[in-house]
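The same chain A turns up in both complexes below, where it pairs with chain B and then with chain C.
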Partner chain A sequence: MKDGFRQAMAWLHTWIGLIFGWLLFAIFLTGTMSYFKAEINRWTHPEIPVRSVPAAASIERAQAYLLQNAAGSSRWFISLPDDREPALGVMWQTPAQEGKRGNFTRKSLDPQTGEEIQARSSMGGEFFYRFHFQLQMPHPWGRWLATAAAMLMFIALITGIITHKKIFKEFFTFRPRKGQRSWLDGHNAIGVLALPFHLMITYSSLVIFMSMVMPASIVASYGNNVQAFYADIFPNTNGAKATGTPAPLTPLMPVLSAAQGQWPEGNIGRIVVNNPGDANATVAVFRSSADSVIHDTGLALMFNGVSGAMQSAPAPRSGPMLVSGAMYGLHLGEFAGPLMRWLYFIFGIAGTAMIGTGLVMWLAKRQLKHVKSGVLPLELRLVHVLNVAGMAGLMVAVAAFFWANRLLPLGMAERGDWEINLFFSVWGLTVLHALLRNGRQGWREQLALGAVLFAGLPVLDIVTGGKYLLASLQQGDWVLIGFDLTALVTGLFMAWGATKFRPVPPVLVARGDEQAAPKKSRQLGIDTTQLEGEVN
Partner chain B sequence: MDTPQVKKNTRKAKGAQVSLAYRLAVTSRTLAALFGGYLLAALTSVCLTQWLPMSRADAVVTGMLLSFLAYLGAVIWCFACRTAWRAWFGILLPAAILAAVFGLGRWLS
Partner chain C sequence: MLLATLLCYVGFTALCLSMSKHHGELLHSKLSVGRGRLLRVLGWALLCLSLSSALSAPAWGLALVEWFAALMASALLLVFLIPFRPRLALILAAAGLLLSPVAAFNQLLV
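What follows is the complex of A and B.
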């Protein structure tokens, strides 16, 4: 019975992993990149200057800009510049019409001058961040699919743990250069080593969207009045309706000082003005998300938007709200300093690699049966194509996005959209390529292309944006060069991967008694020399 | 007779042939896991919310936080039990009990 249970769990682990592996790989890869969203944004918008301007001065500039450019909006959002995001971010939303949410407009201002920064149009890091939970699908389907994938990831993790009975004993076993065994050992070692991270990141992603995917208890307790639930958990963000009576907005700088007085040791992150210019205006001041592990939008200070008087301070949070806020914050990792952020990134890569090794293993195990015949059944061929395009191809597409960022003409209409179009076009082409090329060649060529593109990024950056790079270095700012070096390392890693898939040397083909075997296995994308006696 | 592990054995014996009954049973289990599991998770969150001695909003949040564990348990059950029928039974019985508990709570309050 015990073994039956474990086998059943292994079966479940295998099939969830196969069917959702490619989706999860893409989510993990782009999610991992999102830990450096701000830094990627810096690289994709090199025009944004790095300046340290006191918060108070920049809030005045933001208010002046918004008064001039965004009068009549239902909400203003102001993000103060910080260590990671040097621009003063402003965003506004037009009033909702016929039940449809108002549109958002976002601009980056120079905190020193209050002028719009004429940066190139690019979604930058925001694209990868949005993709990892919206999957470029219409709202809310992408979020549903991503959350469903997270639930399956959670099941795959737990069934994976159940499957490996000797999980800690075998942890110290790594058998390199043993083909399928090495993949399995690698898969297990990565899985176990980063297990707390995997569990945290997966469960927290469910928590982030829990009121969307699991609203039964909200409905059961609050009936149709779901807004009352949000008013209960986020007492301070509940925006009052505009009265229609105009009233000038209070200067935001004193509001900011009053808020700073409440948080002597904290920093202010974001200011939201509801109904600016209306008698019923309110100003919500949020603490910087770098200040605390707990991510909780309910912890805002509310001010009257006309008089500037403080209306309410956040009440102390209850246990369940602290737990969900901590899970949210742990997932986002916005509290993390540089070292911690790199750890997040490395663990994210580990998660991505765990999924990737699992996918490769699934196929390698099944290919063995077909070495003799040399022909892969259709379903295995499909898995192979999706493996190549879903992993190597995705990396190529990511690199293509960054190349597009540097090469598309700056004045191009809808330039930011074209970067994204190119990303998906290149990704689509890698599927086509994987279909047309045989086994190992598909891997090798796409990995090699990715290697060239990534390793070439620093060169491209120097050629097209060298002055920005130089200027940032002179200021002792490591972000741009850090991006270039990370791209270089990624390129080298992919080049190393490509060499692993080099064709079987002709000597081997000529020497073998069963001459056909290596040749056929080459077409299948496996190396028989690595698989001796490693069946199962 | 339709446990996933049996499949492996029959597969090895008879090659790649998998019977229709087996496929139907796996489909049935999958549906039980997916939809039955969701139902069980939702009912768990609803009952927790109802019976936890917390403020209304806290109880709702706690119910949602823990619901995914119920989902996990339900899915594991659906693929670990001996037959597809048992999978459904093991989902629907606790679901009925939870629904009854919730109804009772409503009636009492």
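What follows is the complex of A and C.
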């Protein structure tokens, strides 16, 4: 019975892993990149200068800019610059008309001058971040698919633990250069050793979308009035209606200092002004999400927008809200400092590698039977093509996105969209390439191309954005050069992966007799061991 | 958090050495039953000590997250060092053992 159960779990693990593996690989890879969303944004918008301007001064500039450019909006949003985001972000929403939500406009300001920064149009890190849970699909389908994948990932993790017979006995075991054995060891080691991370990241993703996935408890308590639920959860964003009587907005700087007085050790994250210029204006001051593990977008200090007096402090949250906020915060990792952020990134890569090694093993195990004939059946060929394009091809597409960011003309219409179009076109081409080239060549060429593109990024950056790089280095700012170095290391790693796919020596192929067959199969096994390159 | 990280790494190394397979591989000697038990107890004790030292920080929520990160990172480092740089894995553990009293003293002062 026990064995039967374990076998059933192994079956589930294998097939979930195969069918959702490529999607999960892409979600994990882009999600891992999103830990450096702000840093990627810096690299894709090198025009944004790094300034150290006190928060008080930049809020005045934001207010002046918004008064001039966004009078008559229903809401203003101001994000103060911080260590990771050097620009002063402003956004405003036009009033709702005929039941339709008003449009948002977003601008980046130089906190020193208050002028708009003319940065290139690019989605940057935001693209990878959005892709990892929306998959570039129309709302809400992408979220549903990503959440379904997360649920299956969770099942795959649990079934994986059950399937793994020697979880303690082989806890410290990794045997390299042993073909299939090494792949399984590696898959198990990164799965087990970083298991707390894998479980946390997968479970928390379900918590983040719980109101979408499991709305039953909300429906039971609130019926069809979902708005009432959100009003309870986010008491401060539920702004009152404008009265229509104009009244000048209070200066925001004193409001900010009053808020800072309430949070002596905290940082201010975002300021939202509801109905600016109206008698019924309110100002909500939110705490920076870097301040606490618990992520809570609903808590704010509320101020009267005309008198500037404080109206209400946030009420303490209930236990379940704190737990869900902690799950949210753990997933996003916004509280993490540089070291912790790198660790998040490394564990994210570990998760990606776990999925990648699983996919490779699925195929390698079944490929062995066909080594003699040298011809793969159609379904295995399909898995092979998806493995190459889903892993190496995705890396090539990511690199292409960054190349597009530097090479597309700055004045091009819809430039940001073109970067994304290029990303998907290149990814599509890698599928085509994997279809046309046979097994090992497909891997080798795509890994080599990825290596050239990634290792070339620093060179491209120096050629096209050298002055930005130099300026940032003079200020002792390591973000741009850190991106370039990471790209270089990624490129070298892919190059190493590509060298493991050297063509099989012709002697072996030509002989093809009974004696050579086991030798060849061993070679195949060894070579797949080295696939790890593409995983990173 | 330095102390917690060092203790995690040393604790995992002790647990690893308490298994005869790894003991032979790393120290090239046979593991006696008593020694194996001692190393196992020592390993678990160090991991528990590591958790308690991490949680002595005032912000225990953040400290718990950091402890998990230290736990996973030290285990990953150890497991991938053993096959490629076994001596370095042991040297790091010895250094960790020597440094941890200093780190503990430092933590007491702060």
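Just so it is clear, the second predicted complex is superposed on the first by the 502 of 536 C-alpha atoms of A that agree within 3 Å, B and C clash if a C-alpha of one lies under 4 Å from a C-alpha of the other, contacts with A are read in each partner's own complex, and residues count from 1 in each chain.
The rule is simple: a residue touches a chain if its C-beta (ideal position, glycine included) is under 8 Å from a C-beta of that chain, and two chains touch if they have at least 3 such contacts.
These figures come from a predicted structure and were not determined experimentally.
Engineer: Once chain A from each complex is brought into register, does chain C clash with chain B or fit beside it?
Structural biologist: Overlaying the two structures gives chain B and chain C room side by side.
Engineer: After lining up the shared chain so the two structures overlap, which partner does A:Arg106 touch, if you call chain B first and chain C second: first, second, both or neither?
Structural biologist: A:Arg106: touches no partner chain.
Engineer: To make sure I follow: the centres are taken over C-alpha atoms, the vertex is chain A, the ends are chain B and chain C. What is that angle to the nearest 10 degrees?
Structural biologist: Roughly 80 degrees separate the directions to chain B and chain C.
Engineer: Considering only touches as defined above, state whether A:Lys500 meets chain B (first), chain C (second), both or neither.
Structural biologist: neither
Engineer: Identify the partner contact of A:Ile190: answer first if only chain B is touched, second if only chain C is, both if each is, neither if none is.
Structural biologist: Second partner only, chain C.
Engineer: Please work out whether A:Lys372 is in contact with chain B alone, chain C alone, both, or neither, and reply first, second, both or neither.
Structural biologist: Neither partner.
Engineer: Answer with first, second, both or neither: which of chain B and chain C does A:Phe229 touch in the superposed model?
Structural biologist: Only chain B is touched by A:Phe229; chain C is not.
Engineer: Across all Cα pairs of chain B and chain C, what is the smallest distance in the superposition, given in whole Å?
Structural biologist: Superposition on chain A places chain B and chain C at a least C-alpha distance of 19 Å.
Engineer: Please name which positions on chain A make contact with chain C in the complex.
Structural biologist: Contact set of chain A toward chain C: 169, 171-176, 189-190, 193-194, 196-197, 292-294, 326, 330, 335, 340, 343-344, 346-347, 350.
Engineer: Which residues of chain B touch chain A once you look at their complex with the stated criterion?
Structural biologist: For this pair, the touching residues of chain B are 3-5, 7-8, 41-43, 45-46, 48-50, 54-65, 67-68, 71-72, 75-76, 79-80, 102.
Engineer: Which positions of chain A touch chain B when the two form their complex?
Structural biologist: 4-5, 7-9, 11-12, 151, 154-155, 158-159, 203, 206-207, 210-211, 214, 216-218, 220-222, 229, 232-233, 318-321, 323-324
Engineer: Touching chain A in the complex: which residues of chain C?
Structural biologist: Residues 12, 15-16, 19, 21-22, 61-62, 65-66, 68-69, 71-73, 75-76, 78-80, 82-84 of chain C touch chain A in their complex.
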